[in-house]
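Pasting the structures here.
First subunit A sits with subunit B, and in the next complex the same chain sits with subunit C.
Our next item is the complex of A and B:
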């Protein structure tokens, strides 16, 4: 057993209202710079939809992630030699148009325009060239199903549906969508790290945050192709690639990342997970539909004494272990099995998990009337407007059982709370519902509390930062550091840069 | 010679004083000329002839026609002494000032531009005296030193070709001719194009003229290379022999530069097209944009509004 620590995330999609506050918070903190205007380290997509960059999930075009070749995982963008041959011309890069051309407006025209017959308008100008542009697309161009005959209809995940199901999704009054906020998944088997020819991308030993060393990045842009989530970006001004850093300067001072902190719907949870790095190879050797289970298998129980002693041996601090025990992510992912990774079939073992949305299933129309009751216990889930195939394509590599379980469990807990607060349901019915998802009223209550009434301390359990121990993990010869630049910094911090 | 004397005597003040005496010898002589008679006159004419051969003869004749520059026969009668002095010092400056005679010359001999000459007034005067005397006597200038050190032998032309193409290095470190000059049969892509083609060099220049150029290539570009690394006598014989044999092989070669040779640019263009086509083939499956194809825009700028700069 090789116990490692990962700062991991859960997004509860049932709570997301699609307000983009997270995106704006991130943009203001990190990507409001020249060359980074087009980057959205955090973005919120509408599903069904093509997202940002357009159709990023379509790996037949973008070639991100891993695939099994002769039983061995290899990058979908090509093997080692083909990557070397293409090093001066990576053929699978998104164009700027696939993201969007960032723009601002000529606001000064509103004040400086000469007197004329028409009101002056602020016309859009490109933030890349400074020329006037026609806006062709934006980072959330298909928000709330905008342009759905083009964008939503071309969602790559709809391939899992029959033509009838596809037609149904876009029927008037049956239209359905939900929001999918995305940041870097800080994967365990990160393909961006594997693809980097300069060795500039690394996964931080102490918390698993994937970072790009700006000193070593040479701008080959292999990571941009390799990341199946398209969450590494090329800064055309600095000539280096950048990505979500999970606000590690905030984490190290005990604050939640900016997008988490600003989340209006309180959908975001952050906490530590312990995992067994030795299982990595075996976890990847399974078919797509079993990947989620294999990944859950890798996550270790922080209460298990063996795990704890192995973790201590690997230099994981006692305080960190205590934080791992309180981790909301551990509960959602491993204990309650409510949260699922996004597109596990990309085989990067993403460590951002989503609780699939229940909301669109709540009501179905019959003769123009909303009806939330049914003869069958879980019939609303089975008759959901969003077909199970679609959600399983997103969250479980096609394994419908896992999604169905997560939805049924949420539904059972909802029935349970309805019985408690409204009192129009019978315990026999609710008990059957809970039993079917192998849960107890106590657990249902705990899920309900963490889902609906969590405090900030419940949602963000940030392990205490131990940079000095992280240094020890990197470099055993601490004497080399003594008296030079102090512990924890290899380079002098630059002020005002 | 000067260098070896420096070495011999050391750079002490006494030697410098003597050298300065020597340098002013011409002026000195001029003062005494009327008194001292023809013997000194002859000595002065000898010095001027050597100077002319070194400094002027690459481009100018006296009495045997225009070369790169005009024939100087009778020039002292045509122009005033002051005009000649300032022109020799800086022809380009005279042209810039708009001196009508200088402008005419520049136009006539374009694109050649006579470089500024670092000659003392005494040296210029001695040269003018030489020109004047030859013109008056209606003689042509015959360079005394422009002779081969030995008769041309069999195999010289081949040795000259090796020197020309750089297969044998020039012994004093000069650059091989092919770097800047073309010659008939100088390899697949010919020689450089900085200097003129030398195929007709022996037609354009008579033998002594050509030998003098090989001895003292007093053209601005060549001078900067060869003044410190002159050809040896043996190399002059061999290269001259090569140029002579080229003349014999191409007796009707055009002296003026012919039409621009498009062989090399065309080959380059062909290779470019080929390599682009190859790259297009190699990266056939490259990503060509996803959103445009999805939306069905042929061009990202289709149907644009006013696109003028803000």
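Our next item is the complex of A and C:
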């Protein structure tokens, strides 16, 4: 057993209102710079939809993630030598137009325009060339267009549906959509790390955050192709790749990352997970539909004495273990089995988990009527407008049972709380519902509390990072560095000649 | 005298500049080392330009290197006319590939507005120097035939004399102007090299072929550091345990109130 620590995340999609506050918080803190204007380390997509960059999930186009080749995992973009041969021109690299050309407006025209019969306007100009442009697309161009035949219909995940099911969710007045906020998944089997020719991308051993060493990055841009989530970005000005850093400077000082901190829907949870690094190979040697179970298997119980002693042997601190026990992520992912990874079939073992949205919006049954009475206990879930196949394509590698369980459990808990607060249900019905998802009233209450009434301390359990001890171990004599800008990066991040 | 200045002092100055500035830049401004790829901004035209240029120039440089390191073997190889024709036409092919590539790259850089936005003055200088250099090379290959053979007798002795610090320009003095220009532009490129984006050729990631896929970096791996480092870690301070057992969660809450 090789116990390691991962700072891990849960996004509760049933609570996401699609306000984009997270995206703006991140943009203002990290990517409001030349060359990074087009980057959204955090973005919120409408599903069904094509997302950002357009159709990022279509790996026949972008070749991200891993695939099994002769029983061995290798990158979908080709083997090592083919990658080096493609170094002069990477055929699978997304272009700026797959994202969008960033723009601003000529605001000065509003003040400087000569007097005339017309109102002056501020026309859009490109932030790359400075020329006037016609805006064709933006970072969130298909926002809320869940039923659009122009955008949503191109969602690659719709392949999982039958033509009838597809026609159903695009019928007017019957469309359905939900929001999918995305950041870097800080994967255990990160394909960006594996693809970097320079070895500039690494996973931080202490907390599992995946980072790009800006001094080592040489702009070979293989990571951009390799990441199936398209969460590494090429800075066209500095010639270096950049990605979400999970706000590690904030984490190290005990604060939640900017996108978490600013989440108004309180959908985000952050906490530590202990996992067994030795199981990495075996967890990946299973078919797509079993990947979620294999990944859950890797996650270790922080209350288990063996795990604890092995963790201590690996240098994981007592305080960190205590934080792992209180981790909301452990509860959602492992104990309650409510949260699932996004596209596990990309085989990167992503460590950001999503509670699938309940969306209790029903499909029409007969004679164009919505039948909500339902003889079956869970009929609202089975009759949901958004087919189970779609959600399982997103969150479980096609395993419908896992998604169905997560939805049923949420529904059972709703019934339980309805019994308590409204009082129109009795325990015979609710008990049956809870039993079907193997849960107890006590657990239902705990899920309800953490879902609906969590304080900030419940949502973000950040283990102490003990950087004070790290400082003691640096070989540098700190006093010699007096007058310098600080440890680490000491030059301006400007483009090389 | 002019020959001495151009073919002795100039190459030494250029080489010194290249070594000193390259190292200084690598260690002091490591961030500036990048391929500075512009494929993200424009990809289709880059395919033809970049692939043709890089494979062409690599082949041509390889030919020069073989001629420099193995002159006798090249002469022997060329002793049969068929082999000479094969070698010369291969070299010419690489040269033409490089010319096509660089022309395509220059056109792209001047016409694509997004690429103009990331073009510095030095980029233009470098592109023009390279264009002149490869055109001169192809010209020499076409009009001063069988360079792969006479290279061994004239340029190699001269270059070797530079290498062993006993410069002798006697062998190249009678060479045609185009050949001399080709040599001079090579030195000019060496001089510009450390200041320009050309440094990216030093950071070719060959090590990628054998490094492990996953990379984990520990800022402070206590497992290994506990053995070798400060006393505070080897003898951690043990805090007194509170008298009564209490709920650590509740305690934490009491301290951290937001």
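Just so it is clear, the second predicted complex is superposed on the first by the 451 of 497 C-alpha atoms of A that agree within 3 Å, B and C clash if a C-alpha of one lies under 4 Å from a C-alpha of the other, contacts with A are read in each partner's own complex, and residues count from 1 in each chain.
The definition used in the following text is that contacts are C-beta pairs under 8 Å (C-beta built on N, C-alpha and C of every residue); 3 or more make two chains touch, one makes a residue touch a chain.
Since the model is a prediction, treat every value here as computed from it, not as a measurement.
When both complexes are overlaid on subunit A, subunit B and subunit C end up clashing with each other.
By the touch criterion stated above, A:146 is placed in contact with neither subunit B nor subunit C. Of the two partner chains placed by superposition, only subunit B is touched by A:125; subunit C is not. Look at A:138: by the touch rule set out above, it reaches neither subunit B nor subunit C. Ranked by how many residues of subunit A each touches, subunit B and subunit C are led by C. By the touch criterion stated above, A:61 is placed in contact with subunit B alone, subunit C being left untouched.
Of the two partner chains, subunit C is the only one that A:197 touches; subunit B does not reach it.
In the superposition on chain A, A:456 makes contact with subunit C only, while subunit B stays out of contact range. Of the two partner chains placed around the shared chain by superposition, subunit B and subunit C are both touched by A:93. Judged by the touch definition given at the top, the superposed model places A:240 against subunit C, while subunit B stays out of reach.
Clashing C-alpha atoms between subunit C and subunit B appear in just one of the listed stretches 58-66, 112-120, 130-138 or 166-174, and that stretch is 166-174.
Shared contact residues of subunit A with subunit B and subunit C: 89, 91, 93-95, 130-131.
Considering their complex, residues 279, 283, 285-292, 294-295, 297, 300-301, 303-310 of subunit B touch subunit A. Those residues of subunit A that touch subunit C in the complex are listed here as 80-81, 83-84, 87-91, 93-96, 128-131, 189-190, 193-194, 196-199, 201-206, 214-221, 224, 234, 236-240, 313-315, 322, 326, 455-457, 466-467, 469-470, 472-473, 489, 491, 493-497. Residues of subunit A touching subunit B in their complex: 50, 53-55, 58, 61-63, 86, 89, 91-95, 97-98, 106, 123, 125, 130-132, 134, 136-137, 150-151, 154. Put simply, subunit C touches subunit A in their complex at residues 28-43, 46-47, 50-51, 53-55, 113-114, 116-118, 120, 122-123, 195-197, 199-200, 203, 205-209, 211, 213-223, 225-226, 229-230, 232-233, 248-249, 252-253, 256, 258.
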